[in-house]
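Same chain, two partners: subunit A is paired with subunit B first, then with subunit C.
So, the complex of A and B:
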């Protein structure tokens, strides 16, 4: 019972890690920038989702006269809106910041990114946006079923997270591997100058890159907000560094590696907490796993030599 | 066009950055008090009167205002007089000095003028210099919600006191800063309050970590500090200038064990400890009393601040079948814990403490909060007039329900104001607080007394969440239990 339950819980946790980290991997893949502000996009996504959800719920509830149904509908309304706004935010971040720092010393981009992250967080904490308090995001399972097996139980919210993550990952896989722009992305990740020389529109690739990556971060924000029933301005704090553990663990710039690393990390954390107890906090575990792995595979799990 | 748009974006972005950069922790704007007077005021190079008015021409009734207008303004303008605040003795000294400088006044006129000055610009009539008290709490960072509650409530208390005439006729002025929930920032804020704001006493509306860092700074400077709701034992151990409002963590832990063993009649208990000063000291008190009462501790684990995933811990705890879970933590962690415990089908009664005591807990945990029992300082069903006044006025002023953190900060201001009435020196404040008995002018009272270790002794309340509200569950008054 316990092991299967812990595993299924870990998979849900992994889903959220993966969604946040893929955007980072994609940005690093092309720009070689450590995009800390990505965690700000994640928190903003949760915030936009929450606003859209509350707005839609007020609209739907009297219309449908069924609070449950209205709440479910509102969630499916809020998710794409949050993703869209997060995507646009990512594009703006590139246009306003990284476009100017790209090609200069990576330190400049890093410092700009840290500043941007702080800015986004402090703005979110202003009373006219999210304020200093945690806000509930009571979407529950958004109509998903509860799955009970003899070995483990998945709550509706957990099912929701797994389903949304799988669908989004499938879409990203398709875009990256089966479309022209995706092939362009792969080319640009290998060598932007060469890609440009053979006719890849690198700017377009980068914009799409930020758009998709930030959309996933927005989706992650919404899902985590619903999972914890809690959205708050500083929710990006932990992901701002933990997502990097996932990215480095997976091999910088490797999308498949990021997925594997997200799962490895979530499982390691869950079982360390479950079996080693109070030995160390889970964030320390993440870095322990990272250090151990880098000792044996300096380029990460699926990193290219 | 494209460039123009980019430019416009940059301008907006800069504006946003600037708006963010303006420090949040602006001190409460002090209502500009009249210039403090350095008595006796030194007239700067007062010219000798050229036209000495004839004393005989004085009005028959000897009108002080007219005298002032007529005689004093011949040499200097009257703003200096009007901005001063002096007692009768001080005015006598001033007028005599003026006469020695050549002001023409006969005895009758002199006493009429002094009488008038003392009445109009006397210490009692003019608003005196406000008493500055310092305040710090986290207004940014993950604990900002509590810091804001504490600040709101402290401001409310200051407003109550000033509306009722202040402290011996002097207004209270709250000077507050943001400690961002960080110990190092709390220590530097403490220095700022002492050195540049020159506060007479201070209140910590912060968590245990920052409060512990600030306490030695106040102690060394000889400034009294009251800890509103930070309950780590070491805070008051810093020295004789440091007092506490909230119930000492070890006492609250003890009461928790009493509640689990006697009220819930539980045998097996699991303990979850948030890994910081607050949680560790609560658990220490709980275990001490649990041992005395013969409670069996079947499970114990620590978790980090800000934890959101209790699922692995719950999975581990469930097969041990505890009757109760004593879980220390704050409302955000607690909301996760109770929801996940319910999802996992954990049957044990969850017992929390004052960290849960916030409307935020019920808002975030929703239906999962039902039936959770906590120990706390704020008894919302108390019959005490001040408790009810605080709860209503807080809701009216800030449009949200008050919490324990706010109530404690409110009480810190109330206790300090009470002490300041006996005197504004550190010695007088210390003596007054130590002498406090059965104090009811507070939201979390009654306060029975302060013991020699500067801990407040008072009944500890316990609340249960029913129909989405904290309601009375039990009160613990056993002197052996609630005294440090």
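So, the complex of A and C:
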């Protein structure tokens, strides 16, 4: 495969990493908590999306003649729902758990987060949702075109991921940089106490944090589920780990850093698999990067101390 | 009868695992989510020695302890440079890597695991009771080690490290040295448990040592009471026995472990039997009343 093709594949991968990691870095920025349960929200997004998708498809297919159209409509119906549920889930996690554990030692929040993650993941496999076996999420490209250039090709699904990511990131950028509450977030990320002292409603910022970050994770879950055509309860396991690599690499609390780091990691993984595939499994890169980072440059690429 | 013996064997193994994590987390304050990795390393070491090198159980057992201890020293190195919460990530990663090695390297049997590990034989006795006794003897060793550790200078040093690393260094406690000690002891104990596990179960699969198992061990320590001796013992026994006795719970046991961790962190972060927990305070009050009842007010 050509370099250009690898690069374009890497960008698609990077998009999913970025969507998950932004929520993590936002939460860390304000609460200084490693929100491991975030991966549970991600997986939940995929599940809710799939359930909504199946439901919508049952509804639309007999209504419209075109199965393709029905499928696409169902996807665009399932995505916002998944995002909404994920967002609410994130907020609930804060309201029910972190709000109380925050004042105590950081270890307590961390351990609670781990427990939450385990709880969520186990519940996802239960029959009242989709059952323990993996499910397909056959939304395909959801109406997106196939892009063919002389240097690389993007399948409709890949185009879908890139488009959704770009739109979501643009919205997040707008919120963070052009609205008052975004300003408040930046202040709170720098120094929650000072921000509160100058009148920033830190609680509202935190809630917004969790809501947006979790929504993005939910979207990531849906997109990955569609891309791999596979939704399964433990799909949060590897991201629970890799997303943190992206976050630390980018510099904890830095949204821009997360974007850069996501791209860097995706490129590293894609090119390693393409050119040195037998050296080590793809996921090992993330682990190596993390160990090296934690030991030698915990600040990451763009982070403050 | 066999069922209860089996239950008791596993309970003993989990008690040791909980105690081993307790030394690392409770004494030294190193939050680790990789205990299952040490468990697995010990299990595989013992299993491979028995299966592929025809070594008797005794050799495998002690080799597991020594080897896992050494690996523990090595894997403890990141803890020297890495802050508390990030150590969790690092240990998570270690767990993933160890399991991946077991899964993808053929020498360890790959995804199909190791099977037909020979049973150790004790003086020709054929039922499992000697094995049960052996396991609980090992539990006794683990308890002794934990108790003794808490009474020695090393235990004191570990506590200091846990409470405040900078202060510890300021008074001359070598933080790196004691962190590594904690890792070695913790890993060695877990490795021994792994060996016992391997020879009892007679087959090993990489997924038995997955990250989730580390969380289970964590939950035992956390629910019981971090840092105490009685806490992890009780936590391990209760959390292992509960899903067995209540069949409905069995399907939801990981949800239970996770949920219990969350509840504990919210309401009793020191554990059910931790030093300042509601239960312990109640017990102390009752005991005090009984004592003073014997004398004149």
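Keep in mind that, in the parts below, the second predicted complex is superposed on the first by the 293 of 305 C-alpha atoms of A that agree within 3 Å, B and C clash if a C-alpha of one lies under 4 Å from a C-alpha of the other, contacts with A are read in each partner's own complex, and residues count from 1 in each chain.
Note that contacts are C-beta pairs under 8 Å (C-beta built on N, C-alpha and C of every residue); 3 or more make two chains touch, one makes a residue touch a chain.
Quick caveat, the model's predicted, so the values are computed rather than measured.
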item: Overlay on subunit A: subunit C relative to subunit B, clash or fit; value: clash
item: Partner chain in contact with A:114 - subunit B first, subunit C second, else both or neither; value: second
item: Which of subunit B and subunit C A:187 touches, first, second, both or neither; value: neither
item: Partner chain in contact with A:244 - subunit B first, subunit C second, else both or neither; value: second
item: Partner chain in contact with A:281 - subunit B first, subunit C second, else both or neither; value: both
item: First (subunit B), second (subunit C), both or neither touched by A:138; value: first
item: Touching partner for A:2 - first (subunit B), second (subunit C), both, neither; value: first
item: First, second, both or neither for A:302, with subunit B first and subunit C second; value: neither
item: Which of subunit B and subunit C A:20 touches, first, second, both or neither; value: neither
item: Touching partner for A:34 - first (subunit B), second (subunit C), both, neither; value: second
item: Overlapping segment of subunit B (options 183-191, 399-407, 417-425 or 471-479) - the one that collides with subunit C in the superposed model; value: 183-191
item: Contact residues common to both interfaces of subunit A (with subunit B and with subunit C); value: 119, 122-123, 126, 237-238, 281, 283
item: List of subunit A residues in touch with subunit C within their complex; value: 34, 36, 97, 100-101, 104, 106-112, 114-123, 126, 237-238, 240-241, 244, 248, 281, 283-284, 286-287, 290-291, 294-296, 298
item: Touching residues (chain side subunit B, partner subunit A) in the complex; value: 6, 9-10, 13, 16-17, 20, 139-142, 144-145, 147-148, 275, 301-304, 306-309, 311-313, 315-316, 319, 332, 335-336, 339, 343-344, 360, 363-366
item: Interfacial residue positions of subunit C with respect to subunit A in the complex; value: 31, 33, 78, 81-86, 88-90, 92-93, 96-97, 100, 104, 211-212, 215, 218-219, 222, 251-252, 254-255, 257-262, 264-266, 269
item: Contact set on subunit A toward subunit B in their complex; value: 2, 5-6, 9, 13, 92, 95-96, 119, 122-123, 125-126, 132-134, 136, 138, 153, 155, 228-230, 232, 234, 237-238, 270-271, 273-275, 277-278, 281-283
